[in-house]
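Both complexes below contain chain A, partnered by chain B and then by chain C.
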Partner chain A sequence: MAATADTGPAPPQAAPQKAGGLRNDPRVQMGGQLLGLAVVFAWCIFPFLWMVLVSFQGTVALRDANIFGGPFTTGNYTRVFEEGFMWNLGNSIFVALSTTVISILVASLAAYAIARLPIAYKFTILAGTLVATVFPPVSLVPPLFVAFNALGQLNTYQAMIIPYVALTLPLSIFILTTFFATIPKEMEEAAKVDGATPFQTFVRVVVPLAAPGVFAAAILVFVYAVNEYLIAFSLASGDPNVMTVTVAIATLDRVGFEEPIGTITAASTIVSIPLIIFALAAQRWIVSGLTAGGVKG
Partner chain B sequence: MSERALGRAFLTPAFVVMGLLALFPIVYAAYESLFDFDFFTRTDFVGLANYVDQLTSPRFWSAVFVTIAFTVVSVTLEFIVGMIFALIMNAAFKGRNVTRAVILLPWVVPTVIAGQMWRYLFEQRPGYINEWLGLGAIDWLGSGASMFWAVVIADWWKTAPFVGLLLLAGLQTIPNEVYEAARVDGATWTQRFRNVTLPLLTPSIVVALLFRSVDALRIFDLADIMTNARLETLSVLAQRSIVRAPQPDIANTLAVLTFVMIMGIGLIFIAMMGRDVVGEPEEGS
Partner chain C sequence: MATVVFDNVWKIFPDGTEAVKELNLEIDDGEFVILVGPSGCGKSTALRMVAGLEDISRGELRIGEKVVNDLTPKERDIAMVFQSYALYPHMSVRDNMGFALKLAKIDKNEIDRRVEEAAEILDLGEFLERKPKALSGGQRQRVAMGRAIVRNPQAFLMDEPLSNLDAKLRVQMRSEIAQLQRNLGVTTIYVPHDQVEAMTMGDRVAVLKKGILQQAEAPQRLYDKPDNLFVAGFIGSPSMNLMEADLDNNPGGNPILRVGEQSLEVPDDALAEYPRVRDKIGGRVAAGIRPEHCFMADADTPEGGTLRGEVRLVEALGSEVLVHLGTQARPVVTEDMRDAVDDEEAFARLEETGASGGMDMTFRFDPSFTPKVGETLEIGIQRHRMHFFDLDDGQTLR
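== the complex of A and B ==
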């Protein structure tokens, strides 16, 4: 018995040990992790890389699928600016900011009432809010198209802002309610003891404490409004002075350029870069807003 | 003002806005769907005839089928890749924050831009995807099946990272000790994933699937842009019937049918999974 054990280490036994050792090797682990992260990176960034390179290609280079092939030019950008695209960008920002201010204001009040104040049917209201987030926006398009058409309100800023506010309220209320619920009650009670009215308590104590949550919800509403296409296209695509960037980018190729891909990628790059910078800067709030309500600790 | 009165006052604006601008239009569309139209003028009361027309129309049922198929396929693919992304980011020590920032990029960029990017990537000229993958001259956006898959791929690209982000947040709430205990007990990676990660991650998974499914059911942007509305989902069909070729009787009927179907499916999801999202009634009241 002893002899057999000495004559040779059995290969089948050694192999799994070695594999286990390899898997526990910190360098191999680190390498595997970095490889995984590289895959995630490539997935997220590659189409943008393509977009930016193509946006600098001229008519000749655009006939070739090689994205690194020149000659490169800024001609697409010049044409986009000449088309008045910056005005569309201004429209988008105006519509998104208006939507955000109104929606967050109205939602904060409702969320505070649900989270803190003694109201009847509290659970039903919160559940109803969650159900309302499912609302299909396309169902609003026919009735609002008819109504705005009759009132002469098609192709106006309000034709977008009004439905955006209605559609973003449920999610804003839901997110803000979860944020308000995490503020320690003691702070409010202390204010009450000091003689503050319920409204003063809300404005002086709760609002400042809830600022990060409010900011998170505001970012989500803003991003939604900048992204929105269905309603903007259906109710406000007829007037270039009101048209937002999403409608402009969607319809650029219908204007009749020879190589619309160049102008479309240039316009898309102009819109994407500020949004990307914004997302990176506001990352913390975006993540907390997206996961509020979702991940209950 | 008493707290009770303040509560009512605070709730009123939200209820008025949602009631007037979301609920009322639907009710009005339901009323108008009972009439015939001559261009934008209401003519005869026809009862449920418009609904009979739609519910016996192959075009309507094809839109229902496309919408549901798209939802099932894209949400499944997004969930799988999202889960892999979340596990990768959760395991990594270095570079996790950078990756978590980068993963937001597909989410923050408007769907219209994603649609245009993928449309030109799939187009035959100059044929980026066809050439890179050596596929020859496939006309991706030309016909039913490949058009469907092109839109699925674009949606997959845009939302898988978002799902990954939601799941990562859930993974980070699982205490490390639970894994240590499982490891000490000799559980393999697969066993740990099946018996520790999945059960503890269930609330996050439920939320991610819920939000993604109801979002996918409403798909419009990618189908409209990538296929010029040739891939007819429910939203594309309803939008076309009022904007591209106005027929208010059909449009109102489709608005109501879409509303009922999507809210119905949403309600079923929420009823099945809602406790994980809203919490127990005792907690909320």
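== the complex of A and C ==
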């Protein structure tokens, strides 16, 4: 060690610079990275781009390989709005928000209990909740249909909200449990000594500290509920008043002999944009929420 | 402000561990009591029982005149400072300090007044709107103190509040906390991070071993007159040199301690202080010498007043020199020592030297004294300041 230090750092540094040449040039490295990212970005964004472009063109786009060719029109959007699509969007948001609020409320209480109470077989319980998610949802449709039919609750908001809550709870509980488990116990003890009741401790100390996890779980639940199609179609497609966007898009009617591709893409674009803005704004929360527990501290 | 009384208090965990056994300790109003002991001795558990974070299995805990066994932390009116500070990261310093008052539904203006008053005392005025993560370690520590002060509680409980600070800051905060406690006059129970905190901060130090209170005295008295081997070995750094020695009768003179081939005469002062030593003549005792109770032997030093050995290590600490002397003395190797050493490896080494005979004793000298490693030294022992313990039960022979 001492010997190399004596010779000075300059010569060993100079050698690899010559040998490395172009490859070690930071500008070239940066350019390579950008190029790679650009390829991946284009790959990912293309279907979305195609959807947006088609929504402004309609069936013309299906006959012409050049999707940038035009002619462009906003007719599809007008038609979508005329068909009461905004009402469907409202339904979707209502169902998704209700699902999110109920799911997060129940999940946070359950997760806190699993993370903190001295329960036997904690991890079995946690793993057990996750087992529910491995059922193919389609296998749940017939029993759900029969049940809601018997209760006379088909084609209602609750026909979607209740199954959605059940299906999103496992993931929410899992995310929130890992989050609550990382909150130092001393924090809760401090609150206790400060005179907080267990509920006050939960609401004023634990939940704010677990905010990234709560957000992450909420966003995932919300996006799931907006995008859900199978149950919405099976249990609540009979009444246009409660129909959500996914079902509405799938049942958009043909106009004459034309495929409804223009209206479908226009409707899809309308649904996507708020979700994208939402996800971009919240991506920091999502990432930290999903990796919590993996990397502690 | 109030007294805190442990009346025959036990803590038995569900798995059967007895963390605190029959604790009897009365803490006066305004007193600053330090709980010390090796890891797992129950000091933190005792503190947490006062806080209401642990249930009391048996016995009675009183704060003021009130039995608090079944009261919630809120009803006990105590404040605690945690090792990690446990500041709420999502709240500003002001909200952190005012949280308890807010929960107690105290008027907002009153909260502001008290928070600002505490911030003034702790020099935190300019940081009130900051979040804890924007503060330095020392400032966070002060916020944790502030959170306790604003409550104006019956008692402060502090669990190693200085252990997360660097050495320099710890010295500063140590005196600040001690001073603050004196000014506020609030009854305080404190679990220290190290011996220096234990010795310098409190009015009284309570030493615990395996959940049992060993001795509770003023720090200096604890140091000068330990009640048993464990306290003698635990209090003091470097710790007391404790050796096992035969006590021989000396017709016409004082009893003689046999240390290998050397001998130490037990002087009259020591016999007066430890009268029961006479009962042990012909048997074995544990004898202790504090590192500083030595002097450089010269021609005038009487026979039977010195120990000879080879210098094994010299540690110059600036203000003093620690000389490790390889002697023929046999170390005390009992369960008490195992607990006092509180380090399995160190204790194993002690056992080894016990088997081979010949332990290293540490002596403290003026820095002008610089012996060389390998040199043989004759060190005078202040025999009248020696300590004597029963080897079987570890109790002092006073």
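Just so it is clear, the second predicted complex is superposed on the first by the 254 of 297 C-alpha atoms of A that agree within 3 Å, B and C clash if a C-alpha of one lies under 4 Å from a C-alpha of the other, contacts with A are read in each partner's own complex, and residues count from 1 in each chain.
FYI, a contact is a pair of C-beta atoms (placed from the backbone, for glycine too) under 8 Å apart; a residue touches a chain by one contact, two chains touch by 3 or more.
Given the structure is predicted, the values throughout are model-derived calculations rather than measurements.
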When the two structures are laid over each other on chain A, do chain B and chain C clash or fit? fit
Which partner does A:272 reach: the first (chain B), the second (chain C), both, or neither? first
So, A:229: does it touch chain B (first), chain C (second), both, or neither? first
Just chain B (first), just chain C (second), both, or neither: which does A:86 touch? neither
With the two structures laid over each other on chain A, which partner does A:138 touch: chain B (first), chain C (second), both, or neither? first
Looking at the overlay, does A:198 come into contact with chain B only (first), chain C only (second), both, or neither? first
Comparing chain B against chain C, which has contacts with more of the residues in chain A? B
Output check: A:184 vs chain B and chain C. Expected answer is one of first, second, both, neither. What do you get? second
Touch test for A:130: chain B only (first), chain C only (second), both, or neither? first
Now for A:49: first (chain B), second (chain C), both, or neither, which partner does it touch? neither
Once both structures are superposed, the least CA distance from chain B to chain C in Å comes to 11
Starting from the residues of chain A touching chain B, keep only those that also touch chain C in the other complex, and list them. 197
Which residues, counting only chain A, touch chain B once they are in their complex? 30, 33-34, 36-37, 39-41, 43-45, 47-48, 50-51, 54, 62-65, 67, 106-107, 109-110, 112-114, 117-119, 122-123, 125-127, 130-147, 149-150, 162-163, 165-167, 169-170, 173, 197-199, 202, 223, 226-227, 229-230, 233-234, 245-246, 249-250, 261, 264-265, 268, 271-272, 275-276, 278-280, 283, 286-287, 290-291, 293-297
Inside the complex, what are the residues of chain A that reach chain C? 184, 186-187, 189-197, 200, 204-205, 208-209, 211
If we count contacts the way the header does, which residues on chain B are in touch with chain A in the complex? 1-4, 6-11, 13-15, 17-18, 20-22, 25-26, 28-29, 32, 40, 81, 85, 88-89, 91-96, 99-118, 120-121, 125-128, 130-132, 157, 160-162, 164-166, 169-170, 173, 203-204, 207-208, 211, 214, 217-218, 220-221, 224-225, 234-235, 238-239, 241-243, 248, 251-252, 254-256, 258-259, 262-263, 266-267, 270, 274, 276-279, 281, 284-285
Over in the complex, which chain C residues touch chain A? Could you list them? 51-53, 72-74, 78-80, 82-84, 86-90, 99-100, 103-104, 147, 151
